[in-house]
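Heads up, the next two complexes both have chain A, just with different partners, chain B and then chain C.
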Partner chain A sequence: MRNLLFQQRFTVAAFAILSLLMIAGYSLFSITLSKTSFASGTMLLICIFILASYQLRKTFSFLSIGSTSAWLQFHIFIGLFSCLLFALHIKFRIPNGFFETLLFFSYLTVFLSGVIGWFLSRSVPYRLSSRGEEVIFERIPIHRRNILDKVESLVFDNQDSAASKAIPDFYQKHLQAFFAGPSNLMRHILHSERHRHHLSQKITAMKPFLNEQEQITMQQIVELIQQKDDLDYQYALQALLKLWLFVHVPLTYSLILFALFHTIAVCAFASTSG
Partner chain B sequence: MSDPSISRPRRWDKPFSLEVGSEGEMTDEIVDSLLQSPPFSQINPEGFKKSLPLREIMKNDSRIVGYDDGDIIVRRGDWGNSAFFVLSGTVRVDLERKQTSLPDEILGRRVSKVKTFFESIAQLWKNNKHPEVREIASVGNKPTFNTRISHGKTRIYLQEVSAVLDKYRTAKLETGHWFGELAALGRTSRVATVFSEGVSQLLEIRWQGIRDILRHDRNGSLKQYIEDVFRERALAAFLRTDPLFHDCEPELLQRIVDQVEFHSYGNYDSHKPFKELIKDGDNNTDAGEPVIIQEGDYPNGIVMIRSGLARISKRHYNGRRTVGYLSPGQIFGLDEIQAELESLTPVASRTRLSAIGHLNAVLVPTPLVEEILLDKESPQNIQSNKIPDTVRTADSHTVKLNDDILLSQLVDHHYVQGTSLMVINLDRCTRCDDCVRACASAHDNNPRFVRHGPILNQYMIPNACLHCVDPICMIECPTAAIQRDLDHGDIVINEQTCIGCAQCASNCPFDAIRMVDIRDSKGEIIVDSKSHVPLTQATKCDLCIDQKSGPACERACPHDALFRVDMHDASKVEEVFSP
Partner chain C sequence: MTEPLQSFDWKSSNYERPKDGWVCGRVCESGAPCRLGPSSKGECQLQSRCQPAEKGGRYTCTRSVVNGGKCKEGPAADGTCCQPESDCQPRRSLLAKRRLLGIFAAMIAGTLCLISFNRFTASTLLTPGKVTKSHANLESNCSACHTAAEGGLTTWIHTAFDGEAALKDSALCLKCHTEMGENALFVHGVSTDRLTEITEQIQAKSEITSTPFALKFAAFTGHPATNHQLACSTCHREHHGRESSLTHLTDLQCQTCHTRQFESFEHGHPSLEDYPYERRSRIYFDHAAHLNRYFVKDEFKRTMPNGQKPASCRSCHTPDATGRIMLTGSFEKTCASCHEPQIEDVEFPGVPFFAIPVIAPSMIQGQGEWPNTQGTFQTAKLPQFMELLLANDPQYQNAIEQLGDLDYRKLNNTIPEHHAAVAEIAWAIKKLLYDITNQGEAALKQRLKNRAPEYLNLSPSIISTLSQAQQIWFPNLSTEMKNHLEKKPILNEPKEQNQEQPCTLPVNKTNGWHLSEADFTIRYRPIGHADPLIKGWLDQVIQTKTESLDDSNMWRIFSNPTASGTEASNGALASGRCLLCHSVDENRENGTSTINWLPFRSHQSEEQFTRFSHAPHLITDQKNNCVRCHQFEKSVKEELQTLQSDYFTRNQTNLFWQINRNSRQTCTSGFQPISRQTCVTCHNKTTATQSCLKCHKYHTHDLTVTSD
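Up next, the complex of A and B:
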């Protein structure tokens, strides 16, 4: 832990120094009336390639080329640095051409999805280990199916012909959709428990109309509701952790293509003066 | 309808001498002649129980085995289950270590080969798309080492003994010598290879038999012999593993070697108590553990653990809480002796030391420890900063954690056995499964663990091999296919010699070994040609022994959430399990 703290402080200090040096260099370079955009663009392209190489590191997990964790730290460092470079490159203005605007928004989406991913990977694990059972994402549908089987067996199998249909009716009206598939995902992400509160109110209101056996069945259903809700919570947060990568990684490849096209176009058509 | 009934199986239903490889059944005449000659004639049979007489132990737990010229009797690194007594002929002990020793290839041991850079890259496209693919040629094919049927048993042999004797340094053991007893009783691997020079005849005794003789022999001659051997051959080197004894004068060290006492605690009988202990981990307490030093007692020396694990606990309200644990080579009681030396009054132990499972320890008497400490405090040593080093290092060897409950759970679940325990910090793990994917890449697309297992606080301990300090999975492997890698000490399975008996998988209390149906390169399950039953083999984490970069799982985690921890490295344990 102490090492981690030292590493973080070192990274922040290195970033600050490097940023200051770059801004100073950029200012000095601009005084000479040289092509600052060409220099910053080249550096930016290199940064983008370095950033994309992180994915390659994951593929070559068995090589002795540093731990993935060190690569991630470097990836974050270069990502933040590239943002400053990007701001200098576009001179703190939104570009006006169609392609440049597309490139601008591509970079912005990749950068922001990276920042969001960074935030999620730091905050979501705490929440995941705070509620529900630890389940592997790919196995969640199996668990969900088991819970559904259990609840349907409770609701429909023990039905006497003469008994009231209170529980089956209640199930069909309020619980069927809940047990059928993932539900309340956004609420779980936003850490809201409103849906459970509403369901609990409805169950409390229903209890006076149930006989003793139905009360017991309802209590077992309440426990299954809790299990299913915990499973949905795990599903929502684990899906969120996976989903941001589906934005970040494919857009990186688009960005590389756009950036290469932009570079070729600039090199082909730019004037030789600054 | 009548109930099926059988007579209850008993210990000696199948005497050792009826197992494959024995010269013949142990008859009363052979037992009598053995009991009349030393060292067995020195054993007092009076102390043995009526149900467990010495004669029956000798008859059922021992056997006579014959070896031809060059036959390997025990191999360095293998797990010892029995001791040997040379009845006739000569055997040779390979005294060399490391590269100069008898090469692994001729001993039939797995040779760990690390993949080259290009071989590592080639894994990307060379890994099989089918699970658990083996090359049929390597399964059940003749091994590269020399084997022959000798005395009814397949044995590895050295082709030209005279050439081996010329090339390697060996020691001769003749009639009347014992060997292999330290490994058999200490739950350690064999430290040397022993082979027969010419034709020899040995008495092999199962460890169960030696244990019973040691327990009931009133004269204690065999016990004395084993202790003497340990004292003579290994004690000084063992003591020197602790910094306290590093700078001891040779004369003082010799006195220590002469005066230390040997003690054993707990049940050695089998792995069963250990498995049951883990199954009932949540309700586990240290109540059933034999006490070595009671809290409040005045220790009469320092206890140094030879084998096994010990729990350090303290009274807490009406119960006890675990405050630390000790593993082989670590010591207990030094603080009290130091305090006593400073205050000149006896200091009682503030904690209790108890044995977890079976434990062997040596006790170094207080006066000798005081002598060492006084020697360290001499003006010359103070000037050269020797005291703080010694004392601090000795103390820091004890594993301690701020979270007593977590520590207690780690001890109760026996995770402290692990020399490479996999721990995932769930507060950092993003469940990306990069660790499992990396493991799959490194193992021909067959991941050797699942990201699932017990959770202690925020730490998950996945069902991956711990590489235990006392690997009970190795005890009953009939072909020694599961063995310690001689270079790193990791526990690995040799696919060429694994016969799929599943002994290791059923012995492992951590469910870290799986039996898998093996396939050929087309994905077809390989079956036994006679019975047409699928062939299975054991698989487990091998710490990526053939990969240049070490365990792929640890290096693949982008969030520093997965660690491999040697549970006997106090500083590492503290670092990993500190919130």
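Up next, the complex of A and C:
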């Protein structure tokens, strides 16, 4: 724990020092007649390539070139640093031209999705471990199916024709859709438990009308409801962890292409030696 | 207590492959996947439809454990599987979907790049912003400013790695901006050698001051020059909008290239030295004498225009159209009332252009009449104009060659053997008169075309006066010339002259020519300021005789500070000669000299690193606010200082005055150099009007000054 704290402080200090050095260097460079945009642009392009190389690191995971965790830390570090460079490069203004505006928004989207991903990767695992059983995301449909089978077995198996049809009716009316697939995803993401509260109220209202056996069955169903809800919670948050990459990664490819084209155009048209 | 959802026991747990491209369709639809999963091509590998085996008349399920084991229902009575449709359509994994999306995004980006690269759309899609108003008409034509726009992607890449691409682009700028001169891309528009020279001069003069912290560090970044040349884009950054400034630079940016750096104009800026007096003024004018004496004392009041003394400096100096330069008023408005009479100078007999030398009758016996047989000749040489006209006459040249060291004042004292040569001189002069009288302009052209054609255009013409002279002095010249050419004897009957009443024609006020029978000379006297003949003649003299100007009679006359007076009485008469006011500059590089007829040249060709606009500094309610900056030199005497040594010096013989042609000599107009502290009172940090560009200009050859 102490090492982790030291590492965090070291990273923040290193980032602050590097940023200050870069801003100071840029300021000194900008008071000359040299074109600062070329310097900041070159550094920014290098940063983008370094950031994109993280994806390669994940692809070639068998290579011993540092742990993924260390690479992620470096990825975040360079990502934040690139934002500072980007701001200096565009001189804190939204560009005017069509292509440069496109490039501007591409970078901004990739950066902001990265920041969101960083936030999610820091907050979601903690929330996942705090509720329900941690499951593999790809297996969640299987677990959902198992729970469904168990519930339907409790509801419909060994059903005496003379017995009350309260539980099957209740199941069909209030629980069938709940168990059939993922539900209340947005509520889970927002950490809301209102849906469980509503369901609990309905079950509580129904219980006085159940006989002893039915009450035992209902109690087992309630436990399965809890398990299914926890599974949905896991599903919602794990999906969130995976879906932000659908914005971050594809747009990175676009950004690299735009940046390369921009570099060639700028070097050809903006008088390189000026 | 519910059972855990998943077990990590190796027997009961599948090995998940999240990086696979496909996942089982059944896991997506029902959550009941097979254990094999789809193939790498996305095909279902599950053969769940088993072939029930018959054993003892009964069919049993043969589905393997891998595929889910024996089903509860078992085969049908006819031996068919109870789960015939259990294979699925595999679906793409999350990773595969993300890869597809990535490829799609890259394709869109690539397409946009190609569209942008298209030359028909490049100007609108690739432009990083609008250009300034002055370049707006070029905005849609990239190739007007960028060499890379001429070709395709290969050209772009080639240009990107071309170290001189910026200079090539700058050459396109100079196609329109021709006013920058031939050294436009060199620093400040001057050659490297000249810049080195200027730098050394400044370094020698200016005191060392502390360099600001930022500039010390900025020095490590180096300068953006390529082969000592700077691209236009180094300072002029385009595509920042219609209203952006192409010339905006910070003080630090200016200073990064300079060897002497300082904090601001207020602190550390070198002194202004002699600015604006780094060169002699073109018109010599003694401000101290005028402002302290003539414009003060009443005795001069009557000579002022309308009897009014100038109220302030602006009575004579007014800003030009740009407000930058205080132009000197015209001679007629500012000087004529006092100095016109001195130029007309009735006591001045005029400049001799034609003179008949004294020849005794005995020396030209039988050669016809000769009017000037008595008296003395004033100069050792004939007037310069005559010498020019006789320069191509072979007889005259032969005669003076025979006479050797000829002195016209002693022509009558020549030995008898040389009398024939003297007669030849007489005939040469007669022939000259005869030719001009009969042929007029054609004769002048004939005689001057090879020697000095530039004198042909000078006016007013001397021809009519020469004709008059011929009629008076040589009335029988036609007959004499005819007999002389036919080698017939000529009666030598000298005309009797009335010595008591010599014929002197009055000076023609509109012409300036007059002849004097007293000394048989034709003279020209200036008819006023800017006399065309004298002005033109002096211009020709300075162009043809720069090395021996002081030997020229004309030059001596019009650069004589004493005018028709004497040195003892120079006084007010001193301003009656052209070169007393108009200075002469010598170009050190080509040795030529020019007379400064105008206070300012129409087109400045010299390097101008500084600029100053007078108009904003003139406060209308203060008549004499000029003197806040232009203060009299305390050491200058209040008495008249006509013969300023900076303008005139004695020649080697100490007989004549020489004009100083050193154009770079410090001005002695009677004012103190302007102090930087005077400027700092207004231009300081508080007023925020002390930027370098306020007074300094980068391009030194783009200034045009008009003169009244």
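One rule holds for everything that comes next: the second predicted complex is superposed on the first by the 265 of 274 C-alpha atoms of A that agree within 3 Å, B and C clash if a C-alpha of one lies under 4 Å from a C-alpha of the other, contacts with A are read in each partner's own complex, and residues count from 1 in each chain.
By our rule, contacts are C-beta pairs under 8 Å (C-beta built on N, C-alpha and C of every residue); 3 or more make two chains touch, one makes a residue touch a chain.
Computed from a predicted structure; not experimentally measured.
Novice: With both structures lined up on chain A, is it a clash or a fit for chain B and chain C?
Specialist: When both complexes are placed onto chain A, chain B and chain C end up side by side without any clash.
Novice: Examine A:S67 and indicate which partner it touches, taking first as chain B and second as chain C; both and neither are also allowed.
Specialist: first
Novice: In the overlay, answer first, second, both or neither for which of chain B and chain C A:W244 touches.
Specialist: neither
Novice: Mind checking the angle chain B, chain A, chain C on Cα centres after superposing, to the nearest 10 degrees?
Specialist: So the C-alpha centres give an angle of 120 degrees.
Novice: Going by the contact rule set out at the top, does A:A268 touch chain B (first), chain C (second), both, or neither?
Specialist: Second partner only.
Novice: Once chain A of both complexes is superposed, is A:I136 in touch with chain B (first), chain C (second), both, or neither?
Specialist: After superposing on A, A:I136 lies in contact with both chain B and chain C.
Novice: A:F178 contacts which: chain B (first), chain C (second), both, neither?
Specialist: neither
Novice: When the two structures are laid over each other on chain A, which of chain B and chain C touches more residues of chain A?
Specialist: C
Novice: Just chain B (first), just chain C (second), both, or neither: which does A:V124 touch?
Specialist: first
Novice: Once you lay one complex on the other using chain A, what is the shortest C-alpha distance from chain B to chain C, in Å?
Specialist: Checking C-alpha atoms only, chain B sits 5 Å from chain C at its nearest point.
Novice: Identify the residues of chain A that lie in both the chain B contact region and the chain C contact region.
Specialist: Common interface on chain A, chain B vs chain C: 136-137, 242.
Novice: Under the stated contact criterion, what part of chain A meets chain B in this complex?
Specialist: Per the touch definition, chain A meets chain B at residues 1, 3-4, 58-64, 67-69, 71-72, 120-121, 124-126, 128-129, 134, 136-137, 238, 241-242.
Novice: Looking at the complex, which residues from chain B come into contact with chain A?
Specialist: 117, 120-121, 123-124, 426-434, 437-438, 441-442, 450-452, 455, 458, 460, 544, 547-549, 552, 554-561, 575, 578
Novice: Any idea which chain A residues touch chain C in the complex?
Specialist: Within the complex, chain A contacts chain C at residues 27-29, 31-35, 95-100, 102, 106, 133, 135-139, 141-148, 223-224, 226-227, 231, 242, 245-246, 249-255, 257-258, 261, 264-265, 267-274.
Novice: For chain C, which residues are in contact with chain A within the complex?
Specialist: Against chain A, chain C makes touches at 1-2, 4-6, 14, 16, 18, 23, 27-28, 30-33, 94, 97-98, 101-106, 108-110, 112-113, 116-117, 124-130, 142, 146, 148-149, 153, 155-157, 159-167, 169-170, 214-215, 217-218, 220-224, 226, 230-231, 233-235, 239, 241, 249-250, 252-253, 256-257.
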